[in-house]
Amino acid sequence: MATATSEAPAARTASAAAKPAPRLGASVRVTVFYLLLLIIAIIFMAPYVLSIFAAFKPLSAILSQSPLRPPSPPTLANFRAIFTQYGFWRYLGNTLMVTVILTAGQVTFSLMGAYAFARMEFPGRNALFWVYLATLMVPNVVTMVPLYVLFSHSGLLNTYWAIFLPYVLGTPYAVFLMRQYLMTIPKEVMEAARLDGCSESYILRRIIVPISRPIIITATLLAFVFGWNNFLWPLIVTNSNQFQVLTVGISNFESNFTVQWNLVLAGSLVALVPMVILFAIFQKHIVNSISLTGINR
Amino acid sequence: MSVATAATGLLPKRGRAAAIPTADRGRVRTAFLLLLPSLVGVALFLVIPVIMVIFLSLTRWNLLTPLKWVGLSNYVNIFRFDGMGNSLLVTAYYVLLNIPIQTVVALGLALLLRSKRPGSGVVRTIAVLPFLATPVAMAVVWNWFFSPTTGIINQFLAHLGITGPAWLSNAATAMPVVAFANIWQYAGYNMLFFLAGLQAIPPSMYEAASLDGASKWQQFRQVTLPLLRPTMLFVLVTGVIGSFQVFDTVYVMTAGGPGNATEVVNLNIYNTAFAGFRIGEASAMSVVLFLVILAVTVVQFRYFNKRTTYEIA
Amino acid sequence: MMALGIVLLSMLLSGCAGWGFTGSGGGKVTLTYALWDPNEQIGYQKSIDLFEKLHPDIQVNIENIPYGSYEQKITAEFITGQAPDLFWVNTPWLGTFIQDGMLTNLTPLIKRAHINMAQYYPALVKLHSRGPAIYGLPKDWDTIALYYNKRYFAEHHITIPASLTWQPGGGGTFLPFLKRATYDTSGHNALSPQFDPAHVATYALGVDNDVQGGWGNYVAELGGKVIPHPYATRASMTTPAMNQGMSFLTRTLTDAHVIVPATESGPNANGNNLLQMFDQGQVAMWEAGDWNTGGVKASASFPVGTIPLPIGPDGRVSIFNGLIDGLNTHTPHPKQAWELEQWLGSARSEAILGSGGYVWPAIKSLDPLFLRHWQKEGINMNAFLLEAHGKVANFPNSPGVGDALTEIFNDLGPAWLGTEPVSTALQHAETDANYVLSTS
């Protein structure tokens, strides 16, 4: 439908604009376009590529060679060092464990709450949802200090609990996100199931969850990425090496080994590479999820 | 996420009866149970802390000795003695550097990369990839990139015969570099929103405009931009709120330096609370930041509401 | 109410979530001992090795925490119940730690163990006491003197007098001596009319913007102090003594071009800049604390000597400081921690530290050990000892004084750079320090 109508004006503006030789103008445009594409690709890929190069070189090579030169031969020594000597196994393990717990809890409990808001009737539903929305406006930094005080008095500082607890019971954003999606599921689906005598729990598990796969994946991704990348909260809430997550570990490591780029960049890659892999797997999903947030009417 | 969209689901329906039929009481209990975990989370980790921080901002406390009530004096002292004024200015500077440039870049990327030419899809993906990157880890990479002698930026400049500055220890360049790091990370992600927004504009609008004799540029200004306003509002609001709270990048790249040239509010709060153990002052700073973000958001909404075009047909 | 319930639940959970150290098995107790200096750590390790031999049931793990984040880390660890059993305490945060209830009052333990406190320098005992309570056994001390480049003075045929005197405004023998010792690139010293201040090759003196290793001593020699008395909640930065002492360095000596200008060493110069300049022959005499001896010996390529500070209107006064090992009030092993504290404050341990040249022992009779070590290394440290036996002024001690000093150094920067009058800078310093001291 769109092709016929859109080509007509394009052809008219093209002929109107290109006076001298239309062919030359077009190929110049194409060249410029691909040049821009190349520059953009380089800008966004260079940090990753060059860090990967550097992480596989010894420090002497980093300091003497151009960063653009690939490692020859590549060495695993840096990774071996950070994992065996500098505790990155522990950081990685901590981060994985805490993030998985955080994600599982957040998605599950947010979905439950979203379903209640979206498709169940109960008194005070709208008012309560407004409260959830209002808390979205509260910047993270506001709750940081009082949460620390709360955890300090509960004796929970410097434990694994402290790292994921504020996020594991569900967050307003996840609830909102999933509620918007669930609102698009026709009411009749649930009404029919209820009339058939199904319990809400059955409806939720057997009907809603399968239909909501896209938004559940989105919410899972968001929660996982958030947990993986979280820095400030784990920083203030843990102070033993035992409980440190990757972000805090990388930051401490960098301040101790500042100019040993080979080690420091290897450390960063331990955090960055899993995210790249995650992105590669779920990339289509991420792009599509933008429309799921419903910002365009 | 548009709050306006959220609101439309909440308009009170007429004729809702007050009494709940018995058959539904079980349903109400189920609903309550479903809500319980997130409710506890919101109450315990969001609502209560907000109340606490207001209370704490009126005290002097270091967690180890008894709490002392000081009224509103913290709000004065954080400006007089704890550099809050400087932090607000520094943060505002960061926001003004970051958001306009990032929005323009994101829009530009969207306009360029929505093309159907081969390769556009790949580059779109490449541009989006950074948004998942761990900010702390990326900050370390940028430390290397912008390192005065071993960094690639200065090495590249040296090839051109220019001696690059010490990017992160120079007061003039430190904040722009931090802003660059954020732009690099999120421009592609915001591009996605603009792409969706651009897609939602029906081609008939452009047809009509060009039939009226409008040039490409005029079409952009009169058709594209106005219809993109909801997207623009979303990108700007979320971007500004996020930028006011920047921490990770600054902590790792400059630690607030040189001097306090990049000591953003969040870093000041962190230092005051967790290096200086001054809970009262830090809480007051948090409240002030909250109010500033609120004010800026309200202003943005007002500005856009006056000028937003929602009709498409 | 729900929150209270959650908090209680949390406390219950925290009991389950006991991921911490499970303590020791087999009756052996492990203590954690925190410090920051990697050089002194070598000496302490030797002492602790002996301690562990004498106490087979106690094992000590030394934890090195960098100085820059030391105070914050120990405090944060204390809040989470993870603080080390014993940890170094420096005077900037001594008052804070005492007030926060982190350090054990050792007086009853000292009485029971019949420890003779007269063996230590009285000024140290006073420094670490608050009323009848004392919070650590003194184990080391520091004074400030001038390291000088022997080769430079020999080359220029300058004999250093036995003592030098100075007055605010430039009177006394110190200023002429400094002029004699400052040379420009053309070989003229500052006494000569052809002296070119724009091309100084070597400055006679390098002094830090610092209360201990820098201006603090000159101010003390005029009877001035940063805080009027220990545990004061306000600063005394705008006294005439403070003004005159600061001006002597930032105006009198700077205008005479005999002292390294702050524009070259940085307004909040850390010793590293001046040490580098000293090593490169750009500074003839470096005013610094004795803990720098190892660093100077390692980096200087010329023989180094020491002379005491010049004598001011109030005599020769050096800022005096020492560390203690704080005993964590929440240690799970109070008995064993006290054993370690006693050991580290004992003559046997201090002898190990002293004879290895790591620190001056706080036990007066052991000082010759330290002196002898450095004599063998070629540096005569007697200047520092002379000052310790003379008039000393204790490092300022009050809750929050460390943060107050940071504010003071920052506010004094412009005075050192010459961009602000000394009295204005002192005024700012006092206002900011007062705020910190009164709210700590």
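Letters are used for the chains, namely A, B and C, taken in the order the chains are written, and counting of residues starts over at 1 for each.
The criterion applied here is as follows: a residue touches a chain if its C-beta (ideal position, glycine included) is under 8 Å from a C-beta of that chain, and two chains touch if they have at least 3 such contacts.
Everything quoted here is computed from the prediction, not taken from an experiment.
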| item | value |
| --- | --- |
| Chain whose Cα mean lies nearest the overall Cα mean | B |
| Winner on C-beta contact pairs when B-C is weighed against A-B | A-B |
| Remotest chain, subunit A as reference, centres from CA atoms | C |
| Distance from the mean Cα position of subunit C to that of subunit A, given in whole angstrom | 48 |
| Rounded Å distance between subunit B and subunit C, as computed from the means of their C-alpha atoms | 44 |
| Distance between the centres, which are taken as Cα means, of subunit B and subunit A, whole angstrom | 15 |
| Two or more partner chains touched - positions in subunit A | 150, 152 |
| Touching two or more other chains - residue numbers and ranges from subunit B | 40, 44, 48, 63, 274 |
| Subunit C, residues touching no fewer than two other chains | 76, 79 |
| Subunit B-touching residues of subunit C, taken from the complex the two chains share | 2-3, 6, 69, 72, 75-76, 78-79, 99-102, 403, 432, 435-436, 439-440 |
| Partner subunit B, residues of subunit A touching it in the complex | 2, 5-6, 8-9, 12-13, 17, 30, 33-34, 36-37, 40-41, 43-48, 50-51, 54, 62-63, 66-68, 105, 109-110, 112-113, 115-117, 120-123, 125-126, 128-133, 135, 137-150, 152, 165-173, 175-177, 180, 183, 199-201, 204, 225, 228-229, 231-232, 236, 246-247, 250-251, 254, 259, 261, 264-265, 267-269, 271-272, 275-276, 278-279, 283, 286-287, 290-291, 293-297 |
| In the complex, subunit C residues that touch subunit A | 7, 10-11, 13-14, 17, 19, 66, 73, 76-77, 79-82 |
| Of subunit A, residues touching subunit C in the complex | 150, 152-161, 239-240, 242-243, 256 |
| Residue ranges of subunit B in contact with subunit C within the complex | 40, 43-44, 48, 60, 62-65, 77, 80-81, 274-278 |
